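Two complexes, one shared chain (chain A), two partners (chain B, chain C).
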Partner chain A sequence: MFLQTLITGLSIGGIYALMAVGYSLVFSILNFSNFAHGTIIMLGAYIGYFLISSFKLGFPFSFIGAIVGAALLALINVRLAYSPLINRKAPPLYLMITAMGVSIFLENMVYVTVGSHFYSFPEIFKQSTIKFFGSDISPLDLFALIFSFIAIFALHLFLTRTKMGTAIRAASYDMTVASLNGVNMNKLIGIVFILAGAFGGLAGVFLGVKYMVYPTMGWITNKAYIAAVIGGLGSLPGAVIGGVILGVLETFVSVYVSSVIRDVFSFSLVILFLVILPAGLLGKYLEEKV
Partner chain B sequence: MLLEIKDINVFYGKIHALKNVSLQVAKGEIVTIVGANGAGKSTLMWTLAGVLKARDGSIIYKDRPLPSFAHDVAASGIILVPERRRLYANLTVRENLIMGAFLRNDINEVKKDLEFIYGLFPILKERSNQYAGTLSGGEQQMAAIARGLMSRPEILLLDEPSLGLSPLYTSEVFKTIRQIRDKGTTILLAEQNAHKALEMANRAYVLETGRIVLSGTGRELLANPAVQEAYLGVRHKVI
Partner chain C sequence: MEYIYGVISVIGIEIIATVGLSVFTGFTGLFSLGHAAFMAIGAYTAAILTYFYNVPFILALLAGMLMSALVSFVIGFPTLRAKLRGDYFAIATLGFGEAIRVILENLSITQGARGLPGISHFTTLPVVAIFSVIVVWMTRNFILSKFGRNAIAVREDAVAAEMAGIDIFRVRMLSLVYSAACGGLAGGLFAHYLNFIQPAMFTSILSTQLTSAVVAGGMGSLTGPIIAISFFIAVPEVLRVANMWRLVAYGLILVLIMIYRPSGIMGYHELSFASFKNLFNRKAANQSAGGRRM
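And then the complex of A and B:
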């Protein structure tokens, strides 16, 4: 029971981490909470669902299709909605409000075009459980867990080993100076949104397979947002740690206490963090000598 | 002329920060701009780096207008080492230097330049894996200049490189600037530390409340009574 709960918790934590990474990437560069991210995740789930059930593309291709589709949508989102504001050097608050607008718009577009049905993904794994040290573990949980961490590790390598990745970290500290070093900020922001969107698509498919696909599913990113706050907004390792902590704690609370108070617990946790440790566990407050 | 600025006006909102400023920089020169706080030195530097825009007038670099985006200006060979260094505190010293070479794809040459820089500033080699935010002020200034050099600039714009440094470090920085010029890089230097900056300048300008009020060779300005009184602390009138 304990091991099973732990693995379920870790897999949910992995999905939270995937979503939180998307928030954090954008926040680290543009200093605003991109509330449209949840909608991108929802659209990614829809893309995955329709590719697999209507176009019969098979899981691997639908999976890739959802990732690519969500990444493109994120890019369109930044180019149409945010870039005009960024170019006018609008304060982050304006971007956040725009993000809320984008989110409401897209969600309602889905209601109007696709409808408010709940869709469930077809069976992907033939076996519903596998035995693992005497516990019954769902292969989906295992797959989501492993894949989330592989994706996050790949992102970590990209950010630390490549020139573009280093530039993203540099720009998160000082955008103006990065442009003095020859970094095209427009292009960099585009890449950041493509990355965030791809991670959103990934999370969307996992959520869709685990639960259902429906227009308001993006609101689960509230949890990812909590994860990002716990870890420290803008910090990638923080987002991952926050996601995992939240996923595991939530699962343990719902299994050992009651699933009814799960969300109460999560929101209490974030309030606690905001009061005691507002920068989160690994918030980006690096001191600089003057 | 490598860089020719003609009658530019720059505004911060309603504040008229640069008024009909004209100046020239020839290849291989050290050109110094002296001026007090708020005279417009940094505004001029940010304008030349493509971050601020001149409302009118012209900036001609290598017979072409200055590109309009900062990253294109950097690509064309004008590199600004901004005031207060502005290192990436969340990156290591080495990563900061690599960021200076962001536009370059000649990996082997970049490695060679990195070794050259470590030879020029041995302290940076020692600290290469330390976060840049943990360096002392003088070390940060060295790192900032080094980051600029990693771009292999044609013109290096240095905005108050001696700001907040001890006299010892200041001499060190000015020595380095001379070395850089001797290797063929053109330098435009904005300084409040007028004596040292004028001493090594081929030509110099005095900026006061947004206007160029004086210009000449470095030696001429050093000998000018008005400059001596305003910037070098020499008193001519008997009180």
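And then the complex of A and C:
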């Protein structure tokens, strides 16, 4: 029982980490919380679902399709909604309000066009379970866990080993100096959003397979935001650690205490964290700039 | 006619909540995503008092306001004390709103998700009108007072305000308590207008509506949000559009306002008789100056 809960928690934590990475990437560059990220994840799940069930593309291609689709949506989002604000150097609060607007707009657009049905992915993983030290583990949990960490490791390599990755890290320290050194900020912001969107699409498909696909599934991503805050917004290792911690704690609370208070527990945890450790575990705390 | 009175009553109730939120978001510059929770607390407190204990309506309303104000300390004290960033505070209020709903759904006195039916109908149009005029007038005085000016200073630049000797925590806490009390009053009126409340009425949709009205109406204006919330309620009633399209429009309005006119429809201005006079004077001045400018 204990081990099973732990593995389930870890796999949820892995998905949280995938989503939290998207929040952290954007925050590290632009210093605002992109609340529209959750909607991009939801749309990624829808794209994956329709590719696999209506177009019969098969799991691998639908998976890639969802990632590409979500990345493109994130790019459109930043170009249409955020760029005008970024270009006139609007305060982060305005960007946050815009992000909320985008999220409300897209979520309800899905409601009125696609409808509020719950779609479930066709069975990809057999219902059978793997025996592991005497506890049953679903193959999906294991796959999500392993794949999440491979993807995050790949991102880590991209950020540390490539020129563009170095530029992104430089810009997260100081955008002005980075652009003075010849980094094309417009392109860099685009790439950051494409990365965040791609990770969102990945997470969306996992969420869709694990739970279901529906318009308000973006609500789950609030937990990912909490994970990012716990780990320290703007820090990638922080996002991963925060995601895993939250996923495991939450699963233990819902198994051993009560599943009703699970969400209340997460939100109380974040408030506690914000009060005691506003920078999160690994983040740098920035007061809103004067 | 009955129907139109109903719409006007709802507008009046929502004006009370919006005006409260505009003190907090518009004038103090903090963003809340959970203000529906304060309405819920006010609604349930007032409704339970009149329904189970036969407390007079006015006393029940006051109790609802008081309860909202007290609960606002629970969320406000730790988070405002820690001077959280704006977006951290927003996520904290989002969680708070959700937590309140979960609690209301699981208490026995609130009868859980089924809600409280059969609340007496005390909220008539004159009652709403009197309360909304009082609240708007009080809020105007509040903004023009020393605390209001301090709040605007904190919104414009918290660090500079602190250096000028303003206790940021106190100012923010006070405007949160004020807005929570307004929300509680609106909730109490709402419960006795609809005669039925359930936790599902106070979701993030309601919070979104209030916040959108404040942003669209103008952060730093009192009449702007009042106009905006009236439009938000009246226009869908007239057009008879589905609830969901309304939300699509709110999202779009937030984005467009931020891109094209971040200060909102009214900007930092107020709509008053003097402003009408100014408008005409300016028009006249423009006409006389028009020839030269061409």
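The definition used in the following text is that the second predicted complex is superposed on the first by the 283 of 290 C-alpha atoms of A that agree within 3 Å, B and C clash if a C-alpha of one lies under 4 Å from a C-alpha of the other, contacts with A are read in each partner's own complex, and residues count from 1 in each chain.
Methods note: a residue touches a chain if its C-beta (ideal position, glycine included) is under 8 Å from a C-beta of that chain, and two chains touch if they have at least 3 such contacts.
Predicted model, so just to flag it, every value in this text is computed and none were measured.
K.L.:
Now for A:169: first (chain B), second (chain C), both, or neither, which partner does it touch?
P.N.:
In the superposition, A:169 touches chain B alone.
K.L.:
Taking the superposition as given, does A:183 touch the first partner, chain B, the second, chain C, both, or neither?
P.N.:
In the superposition, A:183 contacts chain B only.
K.L.:
Once the structures are superposed on A, label A:236 by its partner contacts, choosing first (chain B), second (chain C), both or neither.
P.N.:
Neither partner.
K.L.:
Specify the partner with more touching residues on chain A, choosing between chain B and chain C.
P.N.:
The partner making contact with more of chain A's residues is C.
K.L.:
Applying the touch criterion given at the start, work out whether A:109 contacts chain B, chain C, both or neither, answering first, second, both or neither.
P.N.:
It touches chain C, and chain B stays clear.
K.L.:
In the overlay, answer first, second, both or neither for which of chain B and chain C A:97 touches.
P.N.:
It touches chain C, and chain B stays clear.
K.L.:
Using the superposition on chain A described above, determine whether A:270 touches chain B (first), chain C (second), both, or neither.
P.N.:
second
K.L.:
Using the superposition on A, tell me which residues of chain A are in contact with chain B and, in the other complex, with chain C.
P.N.:
After superposing on chain A, chain A residues 286-288, 290 contact both chain B and chain C.
K.L.:
Could you pull out which chain B residues touch chain A in their complex?
P.N.:
Where chain B meets chain A, its residues are 49, 51, 69-71, 74-75, 79-80, 82, 84, 86-91, 95-96, 98-100, 102-103, 131, 133-137, 140, 147, 151, 164.
K.L.:
Taking the complex as given, what residues does chain C use to touch chain A?
P.N.:
Touching chain A from chain C are residues 29, 31, 33, 75, 78-79, 81-88, 90-92, 94-96, 98-99, 102-103, 106, 157-160, 208, 215, 242, 244-245, 247-248, 250-255, 258-259, 262.
K.L.:
Going by the contact rule set out above, which residues of chain A touch chain B in the complex?
P.N.:
Per the touch definition, chain A meets chain B at residues 163, 166-167, 169-170, 172-174, 176-185, 284, 286-290.
K.L.:
Within the complex, which stretch of chain A touches chain C?
P.N.:
32-33, 81, 84-85, 90, 92-98, 100-109, 111-112, 222, 225-226, 229, 260-261, 263-264, 266-268, 270-271, 274-275, 278, 286-288, 290
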